[in-house]
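Pasting the structures in now, so scroll down.
Across the two complexes that follow, chain A remains constant while its partner is chain B and subsequently chain C.
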Partner chain A sequence: MTTPHQRKRRGTRLARCLALTGFGAIALTGCVSNASQSALKPHGSIARLQNSLFVPVFWIAVVVFCLVAGLVSFCIIRFRARSDDEAPRQIHGNTRAEIAWTIAPAVLLASIAVPTVKFVFDLNKFPSNAMTITVTGHRWWWQMDYPSPTDPTKVDFSTASELHIPVKQPVVISLTSVDVIHNFWVPELAGKLYAIPGRHNKMVLEADSAGTYYGQCAEFCGTSHANMRLRVIAQNSADYQAWVSAQESSPVQPPSTTSLAATGFQVFNTVGCAGCHAVTGVSAGIVGPNLSHFKSRSVFAGAIFANTDPNLRLWLANPPAQKPGSVMPNLGLSSDQINALVAYLDTLQ
Partner chain B sequence: MAIVLEPPPTPAAPGPETPGTKTTSPFLRRPTSNEGFWGWVTTVDHKRLGILYTVTGFVFFLLGGIEALLIRLQLARPNGHVLSANQYNQVFTMHGTTMIFLVIMPVSVGFANYIVPLQIGARDVAFPRMNAFSYWLFLFGGIFLYSSFLFGGAPNGGWFGYAPNTSIPGYLPGRGSDFWVFGLLLLGIASTAGAVNIVITCLNMRAPGMTLLKMPIFSWMSLIAQFLTVFAMPIITVALFLLMFDRNFGANFFNPAAGGDPVLWQNLFWLFGHPEVYILILPAMGMVSEVLPVFARKPLFGYPVMVFSGIAIGFMGCGVWIHHMFAVGLGPVAVSAFSVSTMFIAVPTGVKIFNWIGTLWGGSLRFTTPMLFAVGFIVMFTIGGLSGVTHSLSPHDRQQTDTYYVVAHFHYVLFGGSMFGIFGAIYY
Partner chain C sequence: MINTAAKIELGLAAAALIMAIGVAVAFDDPGGFVLLFGVCIAMALCGLALAGSGFTDRAPRYPAGAEPPIQMVSAGRAGTPKASPWPLAGALALGLVGLGVAVGHALVIVGVICGILAAAGWLSQAWQEDPTFTASERSRISERLLSPVGLPLMALSLIAIIVISVSRVLLALPRTGSIVVAFVLAVGVLIAFFALSTRPNLARRSLVFLSGFAVVAIVSAGSVSAANGYRTFEHHETGPGPITVVAHNISFSRKTITVVAGQDTTITFDNLDPIYHNVAVYSSSGQPFWAGEPIKGHRKINYLHSFNMAPGTYTFRCDFHPTSMVGTFVVQAAPGSGAP
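On to the complex of A and B.
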């Protein structure tokens, strides 16, 4: 026989078990190994330097937390009221103890202040012979301008959403913005830095190994802030040079007049694309991303869509429906125009 | 609830409709209705206003909670479509603005209103009518802010409202930022007036013989928090005026194209915003410091140290604001200086935590509801404090800032800290 009271207690116990299991399951999701944007798994010298400061302090914090939680738990168990008649000794304080737990944290903090200040200054050293790539934040995509090898003040070529860098070679990123404040962040390579209109902020990027590193804008910048991503593609020297030469070349001449791509080329020049987008030798728009080698990129529209023909058709049909608030308007293109434009864009290798 | 109301000043005080009061204008007469709806509307009694503040704060707490649930619902799966992008931006902006300006601040002020005059033996706060003015302006500001949902969209620029996103019309859809500017201006005036009131009450109206170092700890922490309000609120008020001029009258304070500087907004905002954090947590620290001794059957451990660490937090809290801006690119000297100041604000905070443990030590602990909240506060706030120390590692803060790490940190402080303190105090 179980009394209602016992049944109720059993129910409570079951509810607690379920709650604990649920909490545990959710907490375990923090342990996924394929997190591609983890600052705790640095793949570059800057992120490693930053992480090397965090890890020891994290463990110190864990120890301090265990100390505090342990003392509180000890008090809860050891000093719980056992009868109503208890009259604990009335202590108003203990100067020695209070001085001790003022000085101890101060000493501990001073010891972490030293490397912190040193690292702050280290992060502000920029290698003088490094290439400076200008990265400009737009609502809601990133523009990358590579310097000319002969005259670093001139732009060699301009691309978007994907930043190619040579592996194991520090590259200086000069950040600015044309509209609101954005925040450039590729967690595996380096901590973030703001892209502020009217200013140029500098940081260093360096990747240990070839690969694709994910990043995003980290400062709320308006309606599609969540859709402002980027990729850093670190390549070994030969691949990087090949990519640079391909980007430096002029895109293929407008194709013969009978093809679908040629129709697309006409559409590009007549419906308004050319007003905002630059294609070397064709148009000089600066509002949207440079499309000279559009198809050499794996993603578009702020690195949120894979660069495939079906995605492009969806995008061209109605950009704001794909990306809320998109600065690129719905041009009301017919499906014939869209197919032609996609065929033309496919030629921009 | 048993509310002991003050008797009217004179038994025959004339009502507003009574003719024949030649000496005083009707506006200067003390309201006489003690009961019912008009009693609450016209009251200048500190306890009734304290209750009004707290109840209103909890209504907004409900709204802010619903907004939090909507945020979580939207984020429960990738590409959630519970809300549109713009609605989501409105909801998280209003969640932050609500919880800070319409919940924790007014509830803390409500407690100060109710408790401080009782603790220090004053008849009421120094300026009872201004007290009522503060409350009604706060309520009006809150309603004004929420009315934006009906008139073209709520604020959607984040609770921090970074320029030029907010300052140049057209970057954010809707008129939400205008509601945000005017709403916060009203709330700023309300809380500054309220703060002046509490500060003067504490300084001038203590019972004979109660020196400052005999003032109860909750009153002390409220005094420090309200002092911070008096100093911090004018800064955000100025910033909001600049923003209003930028938005509506063609000024260019934050417009880089015309020679303005968007970083100025961040400096002004956080120069207010960081003391604000301590405005939110200090009263809760006071509440916990009142609850722990009672249910441990021991006096507060190290009262003078508790008071001075509170003062130290108040002072240092005004000198750490750049730690919100380590990724702005302000140069190594500023970043180093504010890293170090941020680290050392952990010292007085740590002292408080150990003194609370000292209060528990050797006591006879009874785990009533307020005590559970107070003990929970110590542990939760410790997590908030320790994660705060990691923010001071400015090179690594450039990984942490603008991520959920920071969101988690200040929710430990504001929910596990401030709200636990407030819940404990309500049960107490």
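On to the complex of A and C.
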């Protein structure tokens, strides 16, 4: 029969094991080889530049940590009180040691500060001939406005959740927000930058190779902050130009008045969709994402859902239930209206 | 050990939790719930920190059930009450109210709150000078009111006063001046705290006087700045006054909206229906030009837009009720543009 003391010890041991297991599990997540949002695996010139500063500073910090922790541990063990009567030898400072531990950190900090300051200035150099894409943070999705090739001050077309860029070409991102402060972060391509209402902060993105790079809002911005993701799709020049041409074209209109898509077009224009969403030649809403080429995107609703018909049906049935705090309200659509709307959205290639 | 202050903080946490649940149930507002739940967590953490701090309630001065000792009342000059600062605070509050009458109602509210605080402080001092006010009463008030509620409130008030006053000064000055003042203020604060830290034996009275002087100076500067008004940030060529459109019973209050091409126009849209409405402009063939943000009533919104369209006649409608809520949208040529 176990005594209360034994039970207490067993409980303490179990709690320690659980805590250690939890901590170990969290630590092991850092070892995931295919993590899609790792700043330690740069895939672009800017990310590489930032990583080149991070790595040496990290190892200097590791050395300092080991030195300090080692010295503290050594002192705790070596100079621990062995009896109540024992008193340590009383000293009154050591000038050499004090000068050494004042100068050494100063030199260390200076050696870190010089490349850091240089790096800050390097980051603020924007290629003069680079395309500037305006990225606007909304609660909780990203809007991308591409400039007109003839007049860069005008918007050529708008898209959402997916940012297409050409490979190996620096692209300037002009960041802003319409509501609260957001933070644009694609770890494999560049560091974070704030998107602030009324301001345009700039950063450069460049991808080494074609592929999809994942990002998200990195500043708590409300209920669905965690659902405010984005994808950067880097494409080779031909693919990128083909995508741009497709985005510049007008969306296909529903083929006939008797089709399901035509019914969806009617629903789109009568239940309020047009008030928030723009479709070239159909509506001019600015509250929600531009849907002109909605079906050309692989994700929607802040890049949290795959752009499939079943997902769309669930979303249209009750957006706030799928994405907490969604600005898009539940419009109380019938299943017939939802099916028709999905058919219409499918035509917006 | 759970002391009195911890009990109060935990009680406030429970109240915040109940309010959070109430807000979540009563309103479709996750923001309110998150805020109140955050307050609940903060209060609970404060309570736990106070409980774990090791502070204990002060032990009673005499055993429970025993008669309290006789309180000696001093007489003569030694018993003369000290000069009270509260009438001065009351006068300051009155001054704020007076200034508020001239400047704006916000300052009147601040003055009234200061007046209430001054009156409470004066009454409190009068009570403390009464022979019935014992040491045990003092400790009870300190533990149950001052520590858990009074000190955080005072700290918050001080922060608010400084932030509001300094921001008024910065907003009133020219751009360069505000940068210089902000820099000088930051350096001044740094030097002041450096000076204070190097003088640990500074008399309490001097410290109180200096702090009071600083706060009065900041509030005065803030009040004068607020009275002068803010600097001009942006200048827009605006057209005539706002155009008011009311949506009620699924119909617009007006059938025609007239704007001037290229001019900043404000359309004040008041939705009195408990459903979504908006104002959107289309050509007669359905070509979209502009859509105002939909709102659900009862709510009012100001749409600010420059209608850079060819002068002519268009259609405005509610995108949610495009057949029943429609009207004519007329774009007139800007004066001097030469357009018909």
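Just so it is clear, the second predicted complex is superposed on the first by the 317 of 349 C-alpha atoms of A that agree within 3 Å, B and C clash if a C-alpha of one lies under 4 Å from a C-alpha of the other, contacts with A are read in each partner's own complex, and residues count from 1 in each chain.
Here, a contact is a pair of C-beta atoms (placed from the backbone, for glycine too) under 8 Å apart; a residue touches a chain by one contact, two chains touch by 3 or more.
Computed from a predicted model, the values in this text were never measured in an experiment.
When both complexes are superposed on chain A, chain B and chain C clash.
Contact with both chain B and chain C is seen for A:Gly222 once the two complexes are overlaid on the shared chain. By the touch criterion defined above, A:Pro324 lies against chain B and chain C together after alignment on the C-alpha atoms of chain A.
By the touch criterion defined above, A:Arg89 lies against chain B but remains apart from chain C after alignment on the C-alpha atoms of chain A. Looking at the shared chain after the overlay, A:Cys17 reaches neither chain B nor chain C. In the overlay built on the shared chain, the residue A:Ala306 is in contact with neither chain B nor chain C. By the touch criterion defined above, A:Val287 reaches chain C but does not reach chain B. After overlaying the two complexes on the shared chain, residue contacts for A:Cys66 are found with neither chain B nor chain C. Remark: of the candidate stretches 148-156, 166-174 or 328-336 in chain C, the one overlapping chain B after superposition on chain A is 148-156. 222-223, 324-325 are the residues of chain A that lie in the contact sets of both chain B and chain C, per the superposition on chain A. Against chain A, the residues of chain B that register as touching in their complex are 84-86, 89, 156-158, 162, 164-165, 168, 171-173, 256-257, 261-263, 296-305, 327-329, 331-332, 335-336, 339-340, 343-344, 346-347, 350-351, 353-355, 357-358, 360-367, 375, 378-379, 382-383, 386-387, 389-390, 392-403.
By the touch criterion stated above, chain C contacts chain A in their complex at residues 30-31, 34, 276, 278, 280-281, 286-294, 296, 318-320, 322-323.
Chain contact summary for the complex, chain A toward chain B: residues 39, 47, 49-51, 53-54, 57-58, 61, 64-65, 68-69, 71-72, 75-76, 79-82, 86-94, 97-98, 101-102, 105-106, 109, 112-113, 116-117, 119-124, 139, 175, 179-181, 183, 185, 187, 190-194, 196-199, 201-202, 218-226, 324-325.
Listing the residues of chain A that touch chain C in their complex gives 222-223, 269-276, 278, 281-287, 324-325, 329.
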